[in-house]
Each structure stands twice: as structure tokens, then as C-alpha cells.
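The block underneath contains the structure these notes are about, expressed in C-alpha cells.
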Amino acid sequence: MKAIAFRGVHDVRVESIADPRIVEPTDAVVRITTSAVCGSDLHQYHGRVPGIEPGAILGHEFMGVVEEVGREVRAVSKGDRVVAPFSISCGRCEWCRRGLPTQCSTTGRAVFGGRFGKQYPGAQAERIRVPFADFMCEKISSDMSDEQALFLGDILSTGYACAENGGIRPGDSVAVFGCGPVGLLALQSAHLFGPARIFAVDRVDYRLKLAEELGATPVNLDKGDPVEQLRRVTGGSGPDVALEAVGHEVPFAQAIQAVRAGGTVSSVGVYVEQSIGFPAREAFFKDLTLKMGICNARNYIVPLMPLVQVGKLQPARIITHTLPLGDAPRGYKIFDQKEDRAIKVLLKP
Amino acid sequence: MKAIAFRGVHDVRVESIADPRIVEPTDAVVRITTSAVCGSDLHQYHGRVPGIEPGAILGHEFMGVVEEVGREVRAVSKGDRVVAPFSISCGRCEWCRRGLPTQCSTTGRAVFGGRFGKQYPGAQAERIRVPFADFMCEKISSDMSDEQALFLGDILSTGYACAENGGIRPGDSVAVFGCGPVGLLALQSAHLFGPARIFAVDRVDYRLKLAEELGATPVNLDKGDPVEQLRRVTGGSGPDVALEAVGHEVPFAQAIQAVRAGGTVSSVGVYVEQSIGFPAREAFFKDLTLKMGICNARNYIVPLMPLVQVGKLQPARIITHTLPLGDAPRGYKIFDQKEDRAIKVLLKP
Amino acid sequence: MKAIAFRGVHDVRVESIADPRIVEPTDAVVRITTSAVCGSDLHQYHGRVPGIEPGAILGHEFMGVVEEVGREVRAVSKGDRVVAPFSISCGRCEWCRRGLPTQCSTTGRAVFGGRFGKQYPGAQAERIRVPFADFMCEKISSDMSDEQALFLGDILSTGYACAENGGIRPGDSVAVFGCGPVGLLALQSAHLFGPARIFAVDRVDYRLKLAEELGATPVNLDKGDPVEQLRRVTGGSGPDVALEAVGHEVPFAQAIQAVRAGGTVSSVGVYVEQSIGFPAREAFFKDLTLKMGICNARNYIVPLMPLVQVGKLQPARIITHTLPLGDAPRGYKIFDQKEDRAIKVLLKP
Amino acid sequence: MKAIAFRGVHDVRVESIADPRIVEPTDAVVRITTSAVCGSDLHQYHGRVPGIEPGAILGHEFMGVVEEVGREVRAVSKGDRVVAPFSISCGRCEWCRRGLPTQCSTTGRAVFGGRFGKQYPGAQAERIRVPFADFMCEKISSDMSDEQALFLGDILSTGYACAENGGIRPGDSVAVFGCGPVGLLALQSAHLFGPARIFAVDRVDYRLKLAEELGATPVNLDKGDPVEQLRRVTGGSGPDVALEAVGHEVPFAQAIQAVRAGGTVSSVGVYVEQSIGFPAREAFFKDLTLKMGICNARNYIVPLMPLVQVGKLQPARIITHTLPLGDAPRGYKIFDQKEDRAIKVLLKP
């Protein structure tokens, strides 16, 4: 089958590899109908993630149709349309039982593709082996399109978790740092907690414009210090909650400086740096709560589904490009360079 | 000045009484610009509340302009437009400090007017003495109309607290029992917690119609058992949360029966009966949470204000009648009899 | 093998039945080393539970050693010492995934033995078939005795959940209604939440004495109205939290009347009555939270284990009788009649 | 009267200054019976805090007897024994009403003494003016000694808040970084949340010894990397919660590295550095919660009082030295140099 392989910095290629097959009796093989390129794929594309080997199949956002299941799989069967989370979890170990499947000790905190691609080839492909299918696969009802369901397995759950971790209460003001795919879905999700106002911080015009259409007031980084801008629009105190969806030192510090005393900074940025500067004295005197974290997406797939179905979450609004799988190399480039007003790029085998 | 006095069952009258004046150095006198008739006023109107004496001035929902303040009042001053909660609290006793001002030991859990009317004459009047003005009065900005601000002191806060106590989470289904003024504001408030669906239970057509306009699916009591209807529309399990805004045994039991296992029933109905039947065995096996309670409205006035200002709460939508204060007797009748599609009746001195 | 069968009101007998065997590939057969008689077994013994058939094997509190497992069982294997919860759950259905395994739709909310005894014979026996063994069985380390581990599957988890649902905060005062096995374990568990004082309400002297040894101040029902007694010892306000471990109308109402305004009543009594009286008006004006509910014991087995291991929970202190399995009829009688200062009766095959 | 003045780095002196008097009608003057030297006083003593002027009176931990009150003070009167929080708050501004009195906008986030000493002279003195006495002063019952009550105004509340912010649940393992006065009181407080085990990290033998007497397992920094030591004693995963009571980059990073995935780091160290290094990538992949913050001590005085009264908190156990006020210079030196096994130094006028 066709799949997208990492071959070096800024070099991903369409290659032919063997079809996946059932290895364990708890496996499923899923024929992928839609996958996507994730911001964290770009970290690998940029060569900033150690441990990835040439030839590794990329991608961890996907959905599709079950083609075959192992003999112990009961929850799904051939023909079911399913989505699965980006991280691979057994559902049975101590960490999975605690509700932290991203920490699964059975799989060693594995994620589909990329640096785990040798053992668990990625989802930018025509088919994928999904281990622990009973735990991993969630059926999708026919009234949901691929575009609505796909992001449940990663960025919609991540954006939602970011908003939820912010502890937003009705009437709060919320600042979203970063209007990439995750930031925009965090923004959509923030509305579910009843804030009076949402501010969206970025410098890319077309992304700020979509943020505005999604109900936020834009704060353009090119128009001055975002901390000062946010204080000005919140009567001096700063927003109650900051959602940080970038993953760099600068927006992280800005979020801490902007938020009001007693507020919360929730960060879902995937930090590549081991250590960054942290304004500890300000965080102390402002009595802050910080939530950092990789999203346990499995936990969110079921609860978020009705919100997508009734249209309170509209994840498909961030999709700007849908390309054939074979165009993935171009998809990476468009997404990386923000060409053609790109926000989110889907791949269709 | 003119004020509305209780004279007996179904008998309220416009009477002339002495103007209020500053008694304690912490008092304010407020010239009332708008007051309202509350569902709990009807309990008194029906003679179902012991302890009320003929001549008691009624009313506890009001707002207005400060006319005079005692010498220790600092938070408000003459000319300020203010709203105050229905219950009278010192802000300093053990209960007030715990965040339960309705339990104030200084005032003996007093409420304006009605059965406390001798000591604290009510707000269906031209003026009112507000004790502990620093704690009780909240300034209203000029961009809010009386109709937007008035309900912060009672039914909007009560409706909101009902929704908040329900512990609604994004994606939940919610059933509101009772589409009177409090139920409709509970419904509006429920939206702030991101439910996928809201159901509104009542039998009065025009009230169900407004509930529908406010985003709920109507469940008409005349079309069959609401428990069965609610199960049918929730895939058999029942809603996650029931908000009970009636205050009778029947809807309370229906709420318990309807809600899903592990769900929550939040009740703000003012129970006149000392004791009602309670389906204990079902509540036990369904692992329910019940929240009962009078609303500590003072706690909600400030947090809810921005939600009214941005239009996420639109309390004025339930107002059906605005009468001169002198027409209060007619206002009670209209409200009580649900004449002329009445939902909420305001009184303007 | 030998097992204890229900034969009628106050009539349980030792009978010989066929040994259990693996039926489903997810089953385990456990050789029971210790089981117990539960308060809810007495409801059946008294003939107050409809649906139980003569010959049904009783008992749902047990632990033992795995003798055989089905071919899909991975988490436990032959020779493992295990405990399991009283309710039977698949671990995979919607309810189990929500964290409410007592509501399992696969098993129809089944419990071992008694009225479910036809399909799921009980644990007062030499052996038992445990369905869904991967989900149900938890391994017990060798440093824990049977007496320490056994109650994790039911009454220790139930008592703990009762305390946890009470929302006790450090410094609170807590009243425990009922000093039977569950009440005494709720009392032990309450200490884990840092209350300043615990009061224990009962009328049985030797049970109040043990409550006192466990750190509570006894409130003897024979010395007057417990509501008044509790108010007296709490400066008039009543305890912050009431834990109700009886399951009758009287202590339930007393708990509501005793607790302070804004407090919580957590009830784990198994109500036999469909409906009981409920002091709604008092609950409303006191702004109460009520938690009712059957315990999802599976959720508590792992978290409570370290507390038993370090001795912060000492469940074995309530054991008063350890009888051979063949003496179960006498065990029922002793427990039912509170003979010989009985609190908790174990049965050893 | 006599008071302790800052005169330069490592230079504090006993000086004679004018007695305080009532300035505002909401003031009280308190005759101090006991004060203390706080770890944050040492930051000033070391010259690490900008803005302090020579002659500033030091100290913010105190209790005493009310000598005189302004005409609007009602909650306390002459002769009352009282304690007050270290930070000065009006009780009425937006921040105080939100429950964040340390952020009081009326006083500009002031603290008694030190760099605020010009406007609000400190408490290492014979008398002190306490603004907003109704909000600030809490009466102490006669069954509590000064030594039991004093720390409610600062370090006991701070230690408790640190533990509470950690979100400790029964059965958790907890690591306390730093066995100074605040760390030891955080340790005592942690017990109130029911952990199975507490570990205390420090390198000072006599402090580790007291930690052990208070129920913790010592982790000596001189015996190797505390992260490795903590992993070893927690089966490899690390403690559930880390309480950081030092306020430096190294223990902060160690706390983050040590704590288990999904855990919480609660820090009450007063950071002198504006920015410190932060292991962002680890915090992200471990899904951490961080709580930073100055303690709103006023909120804790009343709730913690019963715990001190029943002996569940024993703050006096950390007192090692009680000196006459005139010996304050020696007290600073002893405390700073950890001479004579010093932990906490009291000053008696």
C-alpha cells in the first residue's frame, strides 16, 4: 500500500510498503478514509525530534473503516466506521485505569508513526494496524462526516482539554495564545464554558479572521505587546484564563504575565525545548494555576461526540485543504509555510 | 409614599405609608425605579406562608437609585444606580463570611417584605431602606437597563445557581422542570455550561414556546408522562441533569425518576410543604446527587453582570408585563392566573 | 461443593451444589478463602427483597485464590490471590466506561448471589465463577491478610465512598448515623479527610464503644433526640456533614435536620422502601447537598489498598466473628439479632 | 515604643519609635504579645528585596490584644485577643470580594513592615496599627495559647494552602521539598488529606528528624539525587503530589521531575528571582498541574482554628527559640545561620 515516509529534514515521500495485518488477537486493521497532518508532525519534519528513523511512516490523526479484527476483539467488527486516539494504549495497565492512557506502560507511551513508527507505523497511509482495538476504536454514527469525526482522535480533544483545564467559569474572559488548528479548536471549546469574552492572539491575519468568525476578539501581535493589549481590554486586570496553544517560551511567559491574579494558564503546546524560562516571581505573587499537558484524547472522544452532532463544536471549520494522500509532501509544505491561507490539511487515500 | 400591602388571601392593596429613612449608619435609602412580582410572593398571596401580618409591604425584587446613605457607608453614594439581593445580610457574620448570606445570623435569615415586612418593609414601593448597604448594594453601569439588571438580585441568580448546582458538563443533556420565570432563566443559564441538548418540561403552551425560542426542546406534560418522554429522547437513559424549578412533590419525583444513573437533580423550587415523598430506593440505586437550595444571590450579582452585558444572558426576554406600581393588584392577578400569556410582571413606581 | 442457599424467610441452609466452571473465555473460577455476611444479605434473609428464589446461593463479599481462567483472561492467572467487587460489571459498556460499573448494561446491574443467584451464584460458598475477570479481579499482595483485603470489594469501599461523597473538608465536624459495619468504616474513612470532630449516632452500646475507640464522640439515641444532641455539641449550627449508613426514613430525616445550612448529607443506606418522607422545605432553606448511592466499589479497590497497607484504614477492627462456612445459618442469626456483640461475621470455607 | 528596624544587609536594630495610633475610623491598635521572624524577612535581611528603606520596621507575623479601635470598628473591641494575616486588605474591593485579599487594590497588595514599612510599620514591635480591623482581626479563644494561634496569620495558613493546592487525595504519596517552618507545617497539613505516605526532602539533619517525628519518611539530599530517591520509594512512578516550600529553581525542577505523570506540584516558595528554568517538555509529557502562590491567609484563619484546638495541627512543634523582642538581632542571626538547631524564632515584647 501507499504511505508517507520520513526521509530527512523537510523530506517526506510517498512510498510503497507492505499492508498491515493482525499481529495480536486484540488488533484491528483499519482502512483509512481520512488522515491529517498535525502540528507535531512538523516538529519531526523540521528534524527537531530525536529518535525518528528514515523510513518511519508518519501520521497519527486518522479515521476509517475496520477491515479485519483479531479473535478477541468484541467492541468493533468488520465494516464499522471508527476513529482512534493518536496515542496507543492498552486500556488495562495501571496508567490506563487511572485515566491517563497517554502514559500507558504496556506500549511505552507510544504514539502512531514518527519516532514510534518502527513498531507502530503511522496513519498517513492507506491502512493501519490499531492495537488494543476494543479500547482504541470508537464507532462513528453515519450522521457524522469524516471531517466532523476525525479530529476527535487528537486536535479537537486537545483543544477541548486545553479549555477544560483552564477552569473557565461563566462570565470569565479568556485569551487564546496561538490561532493554529489546536488554538482555534480550543477557542471553539472555550465557548462551551460560558465565557463573556474570548480574545485570540496571533499575528497571521487570516487565522485571526477565522478566530473572529468563531466569536473571539483578535489581538494582533504586530500591533504591540499582547500583555498590554489584553490588560487594556480587560479593565487592567488581564483575562481570567489563558489558553496557550503554541509551545514556545515567549507565548508561555506572555500568558503568565497577561492573566489576572488568581487566574489559570492552560498549556497544550508541545514543547520541543527541554527547559524554558519561567517568570516564577510573577507566578507566585499572582497566585497562578498552571496546567500543562498532553491530551488523553481517548477520554474525550465519546463525551465530545454529541457536541459535534448538534453543531456546538464545528471542527471542520478549520479545514482549509483536502489533498489526495499522494500529495502529502505538498501538504506538509503548505502547512509548514502557511501557504495559501492554510490552517489544517487533510489527506484522503 | 405608595406601597403594596398584604391584606389577606388574594388581597393586596396600594396604600400610603411613611417614607423610609436611615436608621443605622450602615443603611441606604433607595428610590425604586423597577420592582417585580416573584413566584414566592404568590405563596404569600395564596395565604400559604405562615407569619405574614396584614399590612406587611410585599416585594423583594427591586433596583433603583440611592437617595441617602448612613455615615459609615462607603461603597455607594447618593445618585448611584444599584441592585440588591432579595435576602438581607450583614456581610460580616460567620454565615456571610462562609459565603452563605441567606443564612445571616445578624438579620435572622430575613428577606425584604412579606413575613419579614414589619422589620424590613418590601420593595413593591416607591422607596426602600437597605440595611448593610456596603454589602448589599451593587452599582449598575449605565449601559445596562433596569430590565437587564433587576433580576440579578433574585431570579436570574436563582436560575443560574440552579444550573450551576446541576454540575452540567459540556455535551450533557439537561431537563428543566417548570417554565416559569425561574425555570426559563435556569434554561438560559444552562446554555453557559455547554450542554448538547436542553429539554423544557411544562404544560403551558406559550411558556413552552418561549423555552423553544431559548433553545430548548419542549416536553409537554399534556402529551404523556414526562419521565417516559425524556427517556425516549435520550436513548433510554434519561438526561444527565434535571433542573427542578417548581417546588412540588410531583416534578421533584419526576426529576429523580427521569435523570440517568449517576446524574444530578438541582432543585430551586420553594417548597411550601414541610415534607414530601421521596423515591429513596430509586435515588439509591441510581447513585444520584441532589442539590436543594435557596440562592445566595449576593454571590452571583457581580459574576453574572458581564454575561448580561454581552447578551449571553437575556433576562429581559421573560418580561411580559410592565405595570405602574399602582396596578400591582392587577399584576398579582395576571401573574397568578397566567392571564394574557403572563410570565413576569414588573412594577414601575 | 458446599454453599449457603436461601430457602425462605429466616431460613438459610448449607447445601451441596455443583462446582462452578469456566463458561465464557473471560471468566475465572476463584476458590474462596474468606467471605462475609453483609447487611444487605439480611434484607433478603428478612424476605424484604422481591425476586429472590428458593435455592439461590447468597453472598457477595469474598476473596480467594484463582483456580482457573478462561483463555482471554490476561490480568490474573491461576494461583493469584484476588478480591472482587460485589457488583458484576463487564468493564466495557457505556456505563462501565463512565465509571459507573454498578450500572453495567451487559450484566443488567447484577450483583453476586441472592436475587441474581440463578445466573450468578453467590460467594458464601467454596468456589465462585467471576465473569469478566480482567476487569473484576484485583490481585492482593502477600503482605495483606484476608481480613484486611476482603472488605475492599464492598463495605470498606462503600464506607469510604460515603465519606468521600460527604465532601468533608479539614476542620469540619461530621456525624455518622448508624454504627453497623458500613457506618464504622465510613467513620474510619472520614478521618482521611481531616475533620476536627466526628460524632457517631447509634443506640447499641458496644457499637458506640467501638466508634469511640475509632475516634468518634458517641451520640446515644437513647439519651434524646440526636438532632438536638448534635446541635448542642456543635455550637448550635449542626455538623458540616452527615454520613447516613442506615437506610431508613428516620435517620435520613434526622441527618437532614441535624446538618448545618450549606452542609451535605451522604447516604449509603440500602433503602428497601420505594418512597420515604423527605423534609423538603428544611432542605431548601438550608441549601443542602444530598448524595445517595450504591457504591461503585471497583473504583475504590486500588486507591484504598495503600491506606490499608499502612494502617490508616483498619477494616479488620470491625470483625467480631469468624465462623466455618458450615456455620453460616448461625452467622446470619448472630448478625441479625446482634447477639454476642456481633458487628461483622466472616465465613471461612 | 521599641521596634526592630532594618538598617542594611544583615543589620537589624532595636530602636525607639512613636507609638502607633488610630488614623482611620476602621483601624485598631494592637499590643503585640508574640511576633516571629519569617523566612521572607530573611530575604530582606539579605538585601535581596528591592524597595526596602533603612529604618523600616520589620515583621508581619504577630498576635496580641486590642488596645484601641476606631469608631467604625465593630467586630473587635478593646481587650480582645486577636491574630491578623500578614497581608493588609480592605475586605471590600473587587479582589477581596473574589477571595484574593493578598491582591487588595485598596492597599496596593501591601504586607506589614519591610518594604511597605513606611506606610504600614511592621510587627516586630510592641504595638501595631491594624487597618480595616473588622476584616483583618480574628478573635482567639482563651483555650489557645499564643504559640498555637500566632501562625494562623501566616506560615500555618501558607503551609496548609500549599497542601490543599496539591490536591492530595486519600492514599496518595506526597513529597515535601524543604523542611523549614513552612515546609514542616505543609507536612503537618498534608496529613489532613489522608495520604498513605509523606516524604520530606532536606539536607539539615535536625529538620529531617522533626519531619520524621511528624510522620514523614526523610529523604536526605546528601544521600543522592532526590528525584531518584523518591522514584525508588514509590515503585518507580514518583509521588502523586510534591509540595515545594523552598522557592529556588533547583527544588522546583526536582519537584517537577519527581512527581508522577498526572500529578501536582504545589509551590509556596517566595521566589526572589524574576525568572527560573522550567522543564517544560517534561511537564508537558507528564500532564502536570502546577499551583503557585502567595497564601490568602485571611481565608484560612477561621477554618484552621478547630484543627489547632483539637490538636490535629500542632504548629507550636516547630518553635525552637523564644526570645525577648530586644534580642531580635540575635534571633535573625540564629534563624539565618541555622544555629542552635533553629527552626522558628519567636519574639516576645
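The chains carry the letters A, B, C and D, assigned in the order they are written, with residues numbered from 1 in each.
Here, a contact is a pair of C-beta atoms (placed from the backbone, for glycine too) under 8 Å apart; a residue touches a chain by one contact, two chains touch by 3 or more.
These figures come from a predicted structure and were not determined experimentally.
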item	value
Smallest number of contact steps required from chain C to reach chain D	1
Higher-contact pair (C-beta pairs counted), A-B versus A-D	A-D
Interchain centroid distance [CA atoms averaged], chain A/chain D, Å	41
Between chain A and chain B, centroid-to-centroid distance (C-alpha), Å	42
Partner chain B, residues of chain C touching it in the complex	95, 98-100, 102-103, 109, 247, 249, 252-253, 261-262, 267, 269-294, 296
Contact set on chain D toward chain C in their complex	160, 164, 169-171, 173, 189, 191-194, 196-197, 303-307, 309-310, 312
Chain A to chain C touching residues, read off their complex	72, 74-75, 92, 94, 97, 134, 302
